[in-house]
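See the structures that follow.
Next, two complexes with chain A in common: one pairs it with chain B, the other with chain C.
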Partner chain A sequence: MANQGPAYYSPYPTALYEGVLTPPEGKALLLEEVVEEEIAMREIAKQMLTKENATIFPGPQVLYGYNEEAKKKATLIKEMAEVLNAKMIPMYDYRPKYPKIDAEVEINPNHPNLTIWHNNIKAAIFIGVHCHYANVALKMVRCETDCYTIAICGLSGHEDAMATLRDQHSSELEKFIKIAREVKAELKL
Partner chain B sequence: MAIDIYKINPEFRDIMPKEIIDLEENATWAQNQTKPRGIKEMPDTKEILEEHSLCAGCPEAAALRYVLAALPKPEETIIVNSTGCTSLMFPHIALHTVHSLFGNQNAVATGIKRVLDWRFPDIEKDVVVLAGDGATVDIGLDYTLQSFFRQENITTICFDNEVYANTGGQESGATPKGQVFKMAPLGKKFEKVKMWELATTAGCHYTMNMTASAPKAVAKAVREAILVAREIGPTFLNIYTPCILEIGLSANEGLGEMKDQDKDRFASYKFVSPEAEEFLKKCKAEGKL
Partner chain C sequence: MASIKDMTDTHNWSGQKLVTADHMLFEAPREKHFMTGSEVLKEAVKRCTVDASVSYPITPQSEAAHLIGELWAEGYVGTYFRGENEFGVMSEVAGCAMAGARTITTTSGPGTLRAMENFPQWSGTRIPCQLILMARGINSPLTIQPDNLEVTFMLETGCQIWYAENVQELFDMTIAAFIVAEKPDVHVPIVTVVDGFFVSHTRESVMLPADDIALFPYEPYKSPLPPIDSETPPGRFLRDPFVMKSNYISYATHASWQWEVRSAVERSRRYAEHFLKGLVHITGDLDADIAFVTCGTAAHQAKEGQRELAKLGVKSKVIKLRTIRPFPTKELLAALEGVKHAFVPEFNVVGWLEKEVRTALYGKSDTEIIGGPRVAGGMSLPAEAILKEVFEHINVEGK
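Entry: the complex of A and B
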């Protein structure tokens, strides 16, 4: 199946092409391994706390306050950034930037690797990005950079991320923040 | 809810670029306006299209700015476009746009409009088709005319540059007789299709043929056409936006070419059906125009 369909035509060796699929409900994906959600959350927190220039890329679904869930998630993501000592760079929309993006302060799904190269980001969380653009961006980042990518997704996750959590809503984010605090204490950071 | 998608969560305000904050605070969203939107505000407000990737001096880019500045309710508008030079600009617009397959833009717009009317019966949602002459007059003629026959409540705007410009210069149905292009070296053998007359015959309630040389006139036509489409039925605007590259002009000569054609192939044509005329009078009295 992986040898057919759009993935087959991709110039990049996508995860799907290598037989990696999104995790089943209630589970998470670490590289190509399906694991319990809590184990993945611990690993994500560790990566974000220990890698150079860890950054959160919030997408339009959390940047704009179009419903109560988005507003609640915004507060939690801000808290998450503080706990993880992470920088935040917004992916505020998907319009291609012309003539070029300011890689210092923004990321665009059409060429996300530019921001990661420019800021030397070694671990990054994508959150609130619509799935079809997250898929595009993660494939490019996976192939063009050595950044450890993490997808925190409200739907079924992203196999092209190094770590993916699925069905993540505000209650799951609260759980993740709690775990991140524990990991931070364990690492004595 | 529509305007809320432009409201930045306060937690992220400090990391958002100025242009996005400007879009929220300083764009002329209809909700924040006491009078109808228009081109007069363009110098002082944030435009919905800030940058584009068309050729320098392209009249189409200017025309699109006038169209966007004149939308009665941009936050409740969906633009459907088709393949062509226009599709290079649409990704840069801060509105909902749908890129349809080449030629079937009016069929796609029909579906969107019907679903919106069903889903949001209490909100006025405008669907505007914006495509080139190849998509409207040639390959998509069937879809365009059928939407007029069916009396769909959509506005169709054709940016008529009289050529398939971004594929190297092939003649289109809208090319005038005798015109030679790089990929049409023998010259066109038959007359330009008068799409505005076809539109009137096919049942459009508001039809215009014009150039984009006068911004105010374009803005007025767009506003009227959208209001008529909302309440009465299909409307059509044919706007000349010459491809300066294909007809051998330099970046500063587009406006002159449009002014010349104001008296020639694009001499003003306007048809307004009696019911649309009545409706526009009412709109004027209510301050919507």
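Entry: the complex of A and C
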């Protein structure tokens, strides 16, 4: 599990029940494999630069400027989107949308597949989303879509994403942007 | 009285030096004391920088709840109050924990069932609170005696469940439980179970670290859900009860949410292995072909049975399960390697642990599982009863 979907109608079995664990400190996860962080960063950059309609989904932790780190991360994510030629669709609110989500301009953890289907997104980064909502959304995205999901997490990462970076703070985002620029140059994009 | 404003980087509001759980559990010097389970729970809570505790009286946990109240009066616990009933208590625990407080409560027997709706609500809202369940059994007829029937009702609530055998384990588990429950990738409630009276009211030797140290406080901003904080966005509007809007979420959301809660329990394994030094503990003859798979006081009595069997020249071993959720399937399978007969002694009539063991081993082990001996409603489980079960089974089967 944690392979690229669509997998099943139901989000079961989850990656963890298939034996996939979040990576240990200092490492990253690519599908089912624990790898060095830099290797994962290169693969993530490649996926985002080559897949159709690559999109970044920033969550509330980087959308609201409630501390200096959040503000710095938000600036870096904007730069990241430019380097990756990626769109940005925010997950600014976790409450279910009623009567209907505007899938063109927002994503919601309770029905993330709608935004991915509507925009034909084939690779996506979740960043700044609280871990529980990221996990709920990632399981559904894997079972309902063929989108390559990437979690850039400030805590311990997400085994249901196809690529996971953990303990990512502004210094790590700077490192990722630098690597993404190198990959972009290598791909002549 | 001390307040949260007295907290510094190095000391909590009551002046205790802040330390890691590893230091508290494995490094700090300890001294011998002689205490009941209720008294030792007070000592554990005293060292945990607990923000909030909510209580309601029910035998046999009333004394423990009362002693936590004394800690509040002494300035060690941030806030303490009595709920309207157990349903109120567990709801108020949820409120405290969602607001970012390290929260503990205690209950027993029928109180557990009165509060029941709250437990899956706790896990669904990913709060890392701790319930000390001093098991006593469930009506009817009324019992206030040792029995652990209520544990079976807790098994599918999405909470972690640990089971302490004695006063020492209750102390150590209570401290470790907060830390494991608060890990951001776990962050689901934890139920630490002990058998009422046998542990809560029995005085035993226990090794305790000094009481001038305490755990670092809980960090709610590492929670997988935003804490309710009206001063800081986004928490103030993002934590409204999703259950109130269930008509507007997809079925997949509900399924995914539930699998995520259960995945969180599974993620606790690696931390529990560290702090509990393994999810199962094995004593006796490791190469025996008779084993007792047990937890809590039944493990203590099974050890007596193992020693009596050894005197008769019969080898056996005790496999004590320290966690029930997550269930230690892999460890149990390894411990049963080469075992022909596994007995599951229990303090309840339904044999919930036997069912758990059978489910975990189905299709994976050739070991014969024998549910018993079982006692309930306040009966004791003497070593003689365990030996009788072993020899009756072996004789009846002609083995």
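Details
Following the convention adopted for this analysis, the second predicted complex is superposed on the first by the 178 of 189 C-alpha atoms of A that agree within 3 Å, B and C clash if a C-alpha of one lies under 4 Å from a C-alpha of the other, contacts with A are read in each partner's own complex, and residues count from 1 in each chain.
One rule holds for everything that comes next: a contact is a pair of C-beta atoms (placed from the backbone, for glycine too) under 8 Å apart; a residue touches a chain by one contact, two chains touch by 3 or more.
Every value quoted in this text rests on a predicted model; they were computed, and no experiment measured them.
By the touch criterion defined above, A:Tyr133 lies against chain C but remains apart from chain B after alignment on the C-alpha atoms of chain A. Applying the stated contact rule after C-alpha superposition, one finds that A:Val105 touches chain B and leaves chain C untouched. By the touch criterion defined above, A:Leu16 lies against chain C but remains apart from chain B after alignment on the C-alpha atoms of chain A. Using the contact criterion defined above for the overlaid structures, shared-chain residue A:Lys78 touches chain B, although it does not reach chain C. After overlaying the two complexes on the shared chain, residue contacts for A:Arg95 are found with chain B and with chain C alike. Number of chain A residues touched is higher for C, counting chain B against chain C. When both complexes are overlaid on chain A, the residue A:Tyr66 reaches chain B and chain C alike. When the two complexes are overlaid on their common chain A, residue A:Trp117 makes contact with neither chain B nor chain C. In the superposition on chain A, chain A positions 60, 63-64, 66, 92-93, 95-96, 98 are in contact with chain B in one complex as well as with chain C in the other.
Interface of chain B with chain A (complex): residues 1, 4-12, 15-17, 20, 51-53, 91-94.
In the complex of the two chains, the chain C residues touching chain A come out as 126, 183-185, 187, 222-226, 232-234, 237-238, 240, 242, 245, 248-250, 252-253, 255-257, 259-260, 263, 266-267, 270. Note for the complex: chain A touches chain B at residues 58, 60, 62-67, 70-71, 74-75, 77-78, 88-90, 92-93, 95-96, 98-99, 102, 105-106. Taken in their complex, chain A has these residues touching chain C: 10-12, 14-17, 21-22, 60-61, 63-64, 66, 92-98, 109-111, 113, 130-133, 135-137, 139-140, 143-144, 155-157, 159.
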